[in-house]
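Each of the next two complexes has chain A plus one more chain, namely chain B in the first and chain C in the second.
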Partner chain A sequence: MHLFFQELLNGLVVGSIYALVALGLALIYGTMGVPNFAHGHLYMLGAYVAFAGVTIAHIGYWPSMLAAIVVLALVGVLLERLVFRPLRNAPEVNTIIAAVGVLFFLQQFAQLLFGGDYRVFPTPYDKVVHFGGLVATQQQLIVIVAAAVLMIILFWFLKRTLTGATIEAVAQNRAGAALVGIDTDRVSMMVFAISAGLAAAAATLIASINLISPSMGFSVILKAFAIIVLGGMGSVPGAILGAFILAFAESFGGTYISTSYQDAIAFAVLVIILTVRPTGLFAKGT
Partner chain B sequence: MRRAFWIAAALVAVGVPLLHPNSYVLDVIAKAYITAIAVYGLNVILGYTGLLNLGHAAFFAIGAYGVALLEKNAGWPFWPALLAGCLGSVVLGFFVGIISLRTRGNYFAIFTAAIGVMISIVLTNADKITGGNVGIVAIPPPPNIGPVSFADDIPKYYLVLAILVFAVAVCALVRNSLVGRTFVAIADNEDLARATGVDVPRTKLVAFMLSTFLAGLAGGVYAAYVGFLGPDQSGLDVTFQQLLFLVVGGIGTISGPLLGTLLLEGVSQWLQGVQQYRFIIFGPLLVVLVIFFPHGIAGGLARLQRRIAPRGPTPSARTANAPEAAAS
Partner chain C sequence: MLEVRGLRVRYGTSSPALDGVDLTVAPGECVTLLGANGSGKSSLFSALSGLLRFDGDVRFEGDDVGKLRPAAIVARGIAQCPEGRKLFPELSVEKNLRLGAYVGRRDRRGTDEALERVCTLFPDVRDKLRAPAGALSGGQQQMVAIGRALMARPKLLLLDEPSLGLAPRMVQAMLDAVAAINRAGTMVLLAEQNAYAALSIAHRGYVLANGKVVLEGSASTLQQNELVKKAFIGA
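Let's turn to the complex of A and B:
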């Protein structure tokens, strides 16, 4: 039973990170129909910006995270403006190919600056907390709380502000939104900024628990796609739900079934869903 | 003109070992040929039916591991092992195709990426069979044909070249056949193709199986040529790299996969010192190409040719590259 709760905690930590990454991906897919295969590499870049903040600039943990969010938001805007906007009317496959070009660049750019090795991300919150026989690091608790706070802020923004409402409007109907005077290009850039910023926050939060490396984006991106397929491609609440389902499946599957195939669970889930429902779970009629 | 291109290409390819018998150069070119075979496979599915198989490298790996394991563990000679490796890849392609082809567009890419990564994970973790991360070493080369030993560089080069010619010829023949024209019809307009009586799901499945056959063929040749093999050959990044070669060369063309692969592998060699950072250049190059020149080198050349000689019998960019490739 003790092991069960320990895995529950781990699932919660990993799920929080998955949720932040996947909802960014879902947000972009929902508003623009772009499957951003470079999203995992934005996550990676976020980790390295924060890493540089902590280890080179010595500006402390939270300012480094903020710097990572801001830098990645800018990178997101650049990507939308330079890469995805010119491809808006191109075949879907071309968008994927362009994203592949971007992720290649980002990976080797990070490798050039920081080397290809795995690096340890130092955290000031490495103390162990005990409660009721469970063991957690401070960092794990910070991940859960910070992710929850970020998600609450995002929902408040999307549901309660006018700017957020423009995003919803574009997601529902791009042409209609443009017709009522919404600047859809601005919305696209904003969505990319939010999505990349969230990925940076997620990467910085988990970086000190996992190691960081220039190739860390590859494993994340496909899991994030598995999650948003699970949650219904463009749905933000679906992405969060899918993230926790996958995280719990992984942490319990890893403990009770097989550690070496833990990473395959996400892909098995994805394959099974698309086998049964080729248009995805909860498919939006597009 | 196109015939002249292929004849010149064939002469150069055959003459390279005589002109430049440096074994390192030969090795680089032969490996590029093997990659090109896989890129031809990717071209069949992406170029002819518009579907992006992001698990392509995994099918390459199935062919490669098939040959390696049958040769090493079951003691099969190379040629039957190669046949079995290709068959394994095609059978897997059949099952993956049946399921994945029901999805469309983005889902297809995501689905096949997931299949590819799962195969990678299995190859890495089933270490009793596949050797795990270490992989398989000392895979025997193809058996001698008469006095010719494929342990030597030059015969090995010609063997790979011959298999490449076979792959290009298959692509060219298929492209000019009725099946090939239905591929293109689907890529151009799937609904229209269906309306004119094309059995779209079956045609896509055939294209997918042909594509995985070429991937498996490339993999099998790779295993015997290089002599060792690891799970990294099945990764998503390998597929991405083949995609880059294809886009640069020209999606949906017959000469594109070869041109793109040779050019970029050549440039990579030329960038020796910074080779591990070549994607800092290639990445943005891919983006620029897909935005401004989505038809790649071969597609661009064909358009240029049509502009110069507008009477050419080439109604569309795709058919502009209809090959006389079988001639080479």
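Let's turn to the complex of A and C:
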């Protein structure tokens, strides 16, 4: 039973991170139809900005996370403005090639600045917490709570504010949104900023549990795409549910079946769900 | 007053979709734009709303509005209820309507009043405020789409084939509502293929064919016109 709860905890931690990353990817795909293959590398860059904040600028953990969010939000805006907007009416393959180009650019950039080695991200929250025989690190609990808080804020923003409604409006009918006077270009930049900011937060939260490296974006982007396919391309609730399904499949599959096939088991679960529901869990309405 | 002079639109390298259109809508008028499929009605509306590049001159209340962005055009008082409605299907009817008032969002009281007026004009809409717009019937969605354009409190309302896909009874209700909007002082430019319906409420009309105005006149003249009868009324 202990093992079960330990894996539940792991699933929650990893699922929270997947959710934050996949959410951003789903938001961009949903509002702009852009499959942003560079998203995992924005996540990576976020980890390095926070790493620099903690180890070079010595501004502390939370200020470093805030810095990573702000810097990545700006990078997101620049990406939209300089790379994806000019390609809005181009064939989708051009957008994909551009995104892959950005991905390699970011990786080289990080490698140049920080070297290609794996780095340990120091956390002040490395103590172990015991409750009723179960153990968790403070950092694990912080991941779960912080991710939940960020998702609640995002939902509140999307559902309860007029600015948030403009994002949903653009996602559901871009021409209709332009006709009521919504600046669709501004919404696109805002979505890229939110998406990259969430990725930076996720990366900073998990960085001290995993290691960081310039190539850490690859496995994340693969999983995030699997998640949004599972969730129904572009669906925000679908991305969250898909994230936890994948994370639990990984952690329980790794424990009860085999650790070496952890990823294969997780993807097998995705394939099975997609066989039953080919459009994903929350197919976007017509 | 809307004054359009020599408006030209060309998609890619094909022959122009609009080829020098002249048209006016005077204060208080309801003007219809009749034209078969592909004659250029929606292209004209897209140009007027700032969604499409064009050559030519568009003046509204004396100002050149031809190069303005869509938001600025709505702010000047030109709102469009587009072909195919272009609602936000998963958002509630109320959110759809409130987004219609997006350019006037700082005036909360004005927005609430506009919402109340739309609900009075379309009682069915009031009952559905909480439902997702995509869950309404076609006729109800058309009312929401017109309502959303009205939420901007426009001086000129552009309506692109609002009768499309509506049952005859719904068409009549929609026409009554448009006539009421016009009587309350809003200029209306109504694109239609249903000439019989459109001419029943319009003061004047234009007939568009292959991107050119081929006929214009008062509603009663157009109703008597052989070409209009043959092409649009099926008499």
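Throughout what follows, the second predicted complex is superposed on the first by the 265 of 286 C-alpha atoms of A that agree within 3 Å, B and C clash if a C-alpha of one lies under 4 Å from a C-alpha of the other, contacts with A are read in each partner's own complex, and residues count from 1 in each chain.
Going forward, contacts are C-beta pairs under 8 Å (C-beta built on N, C-alpha and C of every residue); 3 or more make two chains touch, one makes a residue touch a chain.
Just so it is clear, the structure is predicted and the values come from calculations on it, not from any experiment.
In the superposition on chain A, A:Thr161 makes contact with neither chain B nor chain C.
In the superposed pair of complexes, A:Asp183 makes contact with chain C only, with no contact to chain B. Contact with chain C, but none with chain B, is seen for A:Ala175 once the two complexes are overlaid on the shared chain.
Within the superposed three-chain model, A:Gly101 lies in touch with chain B and out of touch with chain C [touch as defined at top]. In the overlay built on the shared chain, the residue A:Pro91 is in contact with chain B alone; chain C does not reach it.
Touch criterion met: A:Ala268 reaches chain B, while chain C stays clear of it. Once the two structures are superposed, chain B and chain C can be ranked by residues of chain A touched, with B on top. In the superposed pair of complexes, A:Val83 makes contact with chain B only, with no contact to chain C.
In the complex of the two chains, the chain C residues touching chain A come out as 49, 51, 69-71, 73-75, 79-80, 82, 85-91, 95, 98-100, 102-103, 105, 132, 134, 148-149, 151-152. Chain contact summary for the complex, chain A toward chain C: residues 162, 165-166, 168-169, 172-173, 175-183, 285-286. By the touch criterion stated above, chain A contacts chain B in their complex at residues 35, 82-83, 86-87, 90-94, 96-98, 100-109, 111-112, 116, 215, 218, 222, 225-226, 229, 260-261, 263-264, 266-268, 270-271, 274-275, 278-280. Touching chain A in their complex are the following residues of chain B: 46, 50-52, 54, 99-100, 102-107, 109-111, 113-115, 117-118, 121-122, 125, 235-237, 240, 243-244, 247, 276-280, 282-287, 290-291, 294.
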